[in-house]
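Letters are used for the chains, namely A, B, C, D, E and F, taken in the order the chains are written, and counting of residues starts over at 1 for each.
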Amino acid sequence: MSENYTIPIGPLHPALHEPITLKLEVSGEEIVGVDIFCSQVHRGIEWIGMNRNNAIQSIYLAERVCGICNISHPFCMVDAVEKVTNIEVPERAQYIRTIIAELERIHSHLLWAGVAAHEIGFDTVFHYTWALRESVMDLVEYLTGNRVTKAIFMIGGVRRDISEEGAKKIKEGMRFYLENFHKIEEIYLHDPTIRMRTRDVGILTKKDALKLCAVGPVARASGVPKDVRQDYPYAAYADYGLKAITPDMYNGEVHGDVFDRIIVRLLEVKQSVDIINWALDNMPSGSILAEKNLVKLKIMLKKAEGEGVGRVEAPRGEDIHYVRLKAGEEPFLSWKIRAPTYNNVLPWIPMLLGGQIADVPIVAASTDPCMSCLNRVTVVDTNKKKEFEITKEYMHEQSIKKTRRLMRNGQ
Amino acid sequence: MNVSDIVGEIEKNFKAEIKVVEREYGKKKVKQSTIFVRIERGNFRKFVEFLFTLQQYPHFSVISATDLGGEVELVYHFSVGYGDFNGEKMVSLGVTLPKSDLRIESITDLIPGALISEREIHEMVGVEFIGLKDTRHFFLPENWPEGKYPWRRDETFPDEMLNKLYETWREVDKNE
Amino acid sequence: MIWDTLMAHSPALVIIIPLLAAFGTPLIGRAGKKYMYTWILCALALTELMTIVMLYHVFTNGTAIYVMGANPYNLAIPPDSHGIPVRIILTVDAFSSFMAFTASTVALAGGIYSIACEHEQTGQEKYYALLLLMLVGMLGMVLTGDLFNFFVFLEINSLASAALVAYHVDKGVATEAGFKYAIISAIGALMFLFAIGILYGEYDALNMAMIGSRMQFTNLDKIAMALITVTMAMKAGAIPMHYWVPDGYGKAPGAISAMLVTASQASLYGLFRMSFTVFGISANHVTLGWFIIILGVLSMFVGVTMALIQHDIKRLMAYHAISQTGYMLLGVGVGLATLGTAAFNQYGLAAMEGGIFHIINHAMYKGLLFLTAGAIIYRVGTSDLNKMGGLGHTMKYTSIFFIIGALSIAGIPPFNGFASKLMIYESVYQFQPVLSIIAMIVSILTLASFVKVFHSAFMGPKIHNVKEVPRSMLIGMAILTFFIILFGLFPNIALHYLVKPAAEALASPMGYLSRVLGGGP
Amino acid sequence: MASDVLTLVNIVVGTFLVTLFGITFGLLTKGVDRKLAAHMQWRIGPPVIQPFRDVFKLLCKESIVPRNAVSWLYNMAPIVCLASTVTILLYIPFGSIAPILGHYGDVILILYLLTIPSLAMVTGGFASGSPFATVGAQREMVLMMSYEFPLATTVIALGWKISTLNPSMPVFSLETFAQYPVWNIMGPLGIVGAAILLLIMMLVTTGEITKVPFDIAEAETEIAEGLFVEYSGRNLALFYLADAVKTVVMASLIVAIFFPYNLSPLLKDYLTLPSFGCYTMDFLFYLLKLEIVIFFAMTFIRVSVARFKVDQVVKMYWGYLTLAAIIALVLIGLDIYIGGV
Amino acid sequence: MMMHEVWKLLFKKPFTNKFPAKYAPKNVHSYLRRVKSGKVKLVPPIPPPPNFRGKIQYDIDSCVGCGLCAQVCPSKAIEIVRDKKWIIMHCKEGATLAAPLKIKIYVSRCVFCAQCVDVCPRKCLHMSDEFLLANEDKLSRDLIIPGP
Amino acid sequence: MPTPNKHFDKSLWVFHVNTGSCNGCDIEILAALTPRYDVERFGIKLVGSPRHADALLVTGPVSRDMVDKLKRFYEQVPDPKVVIVIGSCGISGGVFHESYDLVGPVDRIIPVDVYVPGCPPRPEAIIDGVVKAWLKLERLRGENK
């Protein structure tokens, strides 16, 4: 019996997101070729949007591009539509949008941290992190009426205001996170095992990051200070003047490895807390919606013609929507969504090339894609000309060997 | 480099239809701008190369496609000038391709990051990218029928594959 | 009356039956295969029976002397010989009969097994004749009381073995392995002969007991001792003189590999016999003991590590044979090192018992393993582990036998390997705790290696569409399995009737000497 | 003759009782472990009797034999696994109740018996014909081999010490360990050595019962992945039970070797109890010791560290623990030497 | 580090909300009966905040059947139906018998976006607090509004 | 199909299948395991192999690629088994009610026992779904007197 295993693991993990198929070409241990596919979760959302009766419905569709980034997508789409129709968004609405988006970032990064801990078998940390995350979930639920799908966006503003009491609750929540931040930092940045498994693993150089158009924390961890909130400010970020976070802010060096991605994400949680506090303090008063009458809005949308691009920094990076409307037709003439993971998939190739199969899970997880992305990894062994699938199990196995090597080198 | 410089450069070098969309945000009314450029297919590659003169690595986001009936319009979304507060400008480059000749040069040699996007447009709309080596499906299943393009608004749309999920239970409903 | 006679003549019969059968085989072979098989089986069964009779004889009456052609047969020193034993003398003490039993049992199983396994080969008469001769050689070695006779039997055994190793002439490698074996044997024989020459020159005698009693332990003797020890260790396959083992065991037909194990043990017998009986009285036990212990530990460890990296099922098992030999050396070595001190009674004897018990156990389970390996090769046609797989789906019994053999060699209760290893662990640690620990680790490594074999050969998807092996092969394996389980579950039977007497006999050379030299019955 | 029959009856009845005890208490322990672990993760956790429910549930489920499996081995493995685990229990004393088969075996036998359940699991894994299971089985093998050295050293070192004090005793018998509690016979150096050995045993226990961080063969999200991936229904239940019993076995072993103390001799002076009462009290005390050992050797460790990878496990056992074991051996050796002078 | 934290957690009250009961009851039916008779009390779920988006409520009487809600619903959860009650209408041509337009909401298709609530000119739709909607039948009465 | 005994309910091991959902429901399922909701109280645990599962939790509108896989998972779960669909899109398509790459909803492909509407349902609603499954099982066993 030779060492080839075919381990089909379907999309079977609770932390799954969009499944993607990866084909790795390996020669022995080393990865010499990577190829990626993605069809398990293709739902044809853009097509559905182009064939809906109106743009308002598509907000909810955009929201369900993803349950985790579900503010970024409607944010982006609504922004694009507003550009087409030239609707002015009230300032207060812009601030509320910002606050919600940052709340989402906190929840998303904590979720990721928990899953990453689970990935290395540290279930207690997973439980603990998720327990802390409940607090932001409560805030979201309080503000929007649901824990996950927020349904707060509307073309021309937001649907719900933040009341005095609401503001107080958010502030309390933010205090809670500031207090607990050091615990999280302690766990993730000072734990020797985590460090050992992530330092110098899955390196993406700055050049590759730029060439492959990486976005979000992945690009920033490679030292590219790229953040839509900074480069192309929208909503209240225009007033805040944000600075993109790169790992050298933490310890003065950039490796572009998995550990750096952890640093960037954790620092961003802290940054989000700051932004929220700032936004609450500076929130202008006024209306929250440009056009309250939905029927009128619909008519406006039907009359509008033109194209618009919305860009938003989702927790995982730049999200971009292109919208085109045609006068007299309610559905979009054209709609293109580009979620961040889309761009962060290609960088896996340099991260994995020349690396070991063992690194695949942690590298992939570090871009915070959707874990089912890994659902089936097909390995083409060039030596044996035999195709077999590797799975997490096998990869864990391999990662062992890798860890051993690292440990040896480390001493 | 500000918007007017870029627009000037473009006008100097290309015969192009240029539209600048600006939008203000926040209390401070910070201006953010998108440059829409429509260009001939022949000049397309030159234009992309021109972007490299603006910045060493122009950021490429995605290609969007619109079926306009007789032709398909592709819009390439680029941005240049990252790194500083409000330093980035978006350049959206539109190219129109007649349906009888859906071909355009690939830019994957200049910007490797465009691979997925080109493959996507290839499978969804049926545009042929000259120089794109890898034309396998990315989002659609491998056994997807030949010559069917879900994002087209014509006869190549796979009508027979359309499923109305909500309808599946209507019949049951009737028994009620 | 008949019974008494039978008992009295059993030592001779044990050798004579297979010898006659061997010469008869080619003749009978002409009459037809069926007759030949019956003939062989009868011969082997009779031999086995006679060894049991002999065992009983020795157990009840103590060391037996049998002088070929003398009258009375048990008169070791005829009045006219000036106190020197002459003629062919068989001196059968408990240790000898124990070895004889081991050898004939494995031979019986091997013989039955061969009937199906080799039935497509040509020249079967020769095969069986050689097989019987090989048995004669082994029996002779363990029963004789005379150095020169020992040499003769060693030669018979070696020649027959070499021929049998090369039996599968269609495979060139087998011939080569046979050749290697023959050369090694020849060198060994020469050295041995030289040693005999030295001893004869010095003491004017060839009878072991005689030499033992006259032993001065001069420098010349030391040379002789070294020569003998090295020869015997080489034939037994101890590290670092093990080169012939992987090839020899690996290329021989399945049944022959099993018998080679006992053949090696006959050499081991020689080693122990010389160390205890011939040189034992006057030599420095501690040094000799430590020498054997180190040899044992080395064999144990190197054998198993080499085995771990093998891809050929029989070579792998061959390395395990080396490794297991280490246990015997270790056990007996500790016995030898403590011989005569208080520690001997405290644990030395136990260690020796363990070592000796391990001899028979090893013969059984390693024999069984070689037979299963033969069965696999018989069906699959290759001995390369990487080309096997999925045999467990269809070869159910073979896999059960394999599992039993593997667990036994790894010293997992309740199989016999554990029984003897336990005795070694529990005595040796008092001598030197590290030795025990090493022995325990080796046993786990052995297990790992066999799990690998098990996985590669029997588990996984079906690769070969094969059937279970024919019944006679299964019977051959079953015989050995029976003893494995019997000795595993009821070690006391073996200990009481076989091992303890053997160990005591070995440990008290004076008894042996006086029995032979005492003259009368 | 009559006494033989009596022994036999004793053994049969005893085996039955021990099996019953092993399974019940094993499951209960598992329940307690899950409960405590949950609390340490800030949750309520399942009720203590949850493992019983799990087992009863599994028993009502279909046992699927995958097409690729070697079915006879596949079905046999769980039975062998449970049976062998229960057998080990027969050699271990409960409090002052002597083991049923105590006269037929000792610690070394137990050590080797301990490999059988693992082997059965490995065999079952291999026999399932699933690559997942194969990987799991190989890891289990690696695991098994890794803790052998520390384990062997522990036992031999302690036996060695006892044998120097009283060579005529069957030193590896657990009753001897009970007569000469480790801590009473050691000099100061020896005590340090013994403490190291205790620590080693604890860690070996975690590995032996495959819990985090050493649960590489069946990663925790389950009893699921790896080895048991194809098992379902009754077969899975048997493995589940075996795991429960094994926990008791390992903990009992530690208790028997390191904490063989009983309450009744201490209290004899103060209150008079019928012998039955003594046994009960010692038995309860033994259960208490067991729970404490299990808490530290399993529950506490498994919630507070991340799962190791195979290589880290190997490094842990073959590296650190082996080193520690050797140090302990040397310390005890010194102790013997000093004691002997 | 984690050891310390874990040790502290052991003595901390669990973070768990015991909805609907701490452990699973022996028999759920009888448990529910006892709940009904007031012998035991269910632990309530974490209370949904005000303005929670739960199961939709429909005031059929004030609905004018304008169909706007169906137009904006992103998941085709709303269908326009003729009311089962015929009414007499008084129009220019005189009185006729007519079945006015009403709506029917399939809760199991609804994605709880509350868009219909916002759009309804008669404010006859509401989002309630009710969110425990699990059912064995996706077309059960509980999941169709208004009930038949 | 073997009948589930009364312990079956209180020890549901679940296996989660994502057939193309938006992750909203999936993270709520995960959240249901974490300290705040802790479904392990009811003996529920997430297992990694369908062979160990008693219940399948299915989310998503079933994309073309997932149809066969979903069926296979269903077959791999040993009897007796329960299927719980979580989220509107698995029940009826939800927002994705019409598309060229979707073949759902789930009950068109495998039989479903309990539906949990919500987009996504709160973790408590998922617990409620489990309670409904208990009720159904008790009814099947005739324990609903």
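One rule holds for everything that comes next: a residue touches a chain if its C-beta (ideal position, glycine included) is under 8 Å from a C-beta of that chain, and two chains touch if they have at least 3 such contacts.
Please read these numbers as outputs of a predicted model, since none were measured by experiment.
For the interfaces A-D and B-F, the C-beta contact count is higher for A-D. The chain with its Cα centroid farthest from the Cα centroid of subunit D is B. Comparing chain C-alpha centroids with the centroid of the full set of protein C-alpha atoms picks out D as the closest. Chain geometry summary: the mean Cα position of subunit D and that of subunit F are 37 Å apart. Work out the mean CA point of subunit C and of subunit E, and you get 84 Å between them.
With centres defined as mean CA coordinates, subunit F is found 20 Å away from subunit E. Computed from the mean C-alpha positions, the centre of subunit B lies at a distance of 82 Å from the centre of subunit C. Counting partners per residue, subunit A has 39, 42, 44, 47, 60-61, 64, 122, 124-125, 127-128, 131, 134, 146, 149, 191 as the residues that reach two or more other chains. Shown for subunit F are the residues in touch with two or more other chains, namely 10, 34-36, 38, 41-43, 46, 48, 61, 64-65, 89, 92-102, 119, 122. Across the assembly, subunit C contributes 455, 459-460 as residues in contact with two or more other chains.
Subunit B makes touch with subunit A in their complex at residues 21, 23, 25-30, 32, 34, 36, 56-57, 59-67, 75, 77, 79, 81-88, 90, 92, 111-117, 136-142, 150-151. On the side of subunit D, the complex with subunit C involves touching residues 68, 70, 72-73, 105-106, 108-109, 111-113, 115-116, 119, 122-123, 126-127, 129, 134, 137-138, 141, 144-145, 148-149, 152-153, 156-157, 159-160, 163, 167, 171-172, 329, 333. The residues of subunit B lying in touch with subunit F in their complex are 140-141, 150, 157-158, 161-166, 168-169.
Contacts from subunit F toward subunit D in the complex involve residues 2-5, 7-8, 10-11, 13, 34-35, 38, 40-43, 45-49, 51-52, 54, 76, 78-80. The touching residues of subunit E, when paired with subunit F in their complex, are 14-20, 22-24, 27-29, 45-46, 48, 74-76, 106-113, 131-138, 143.
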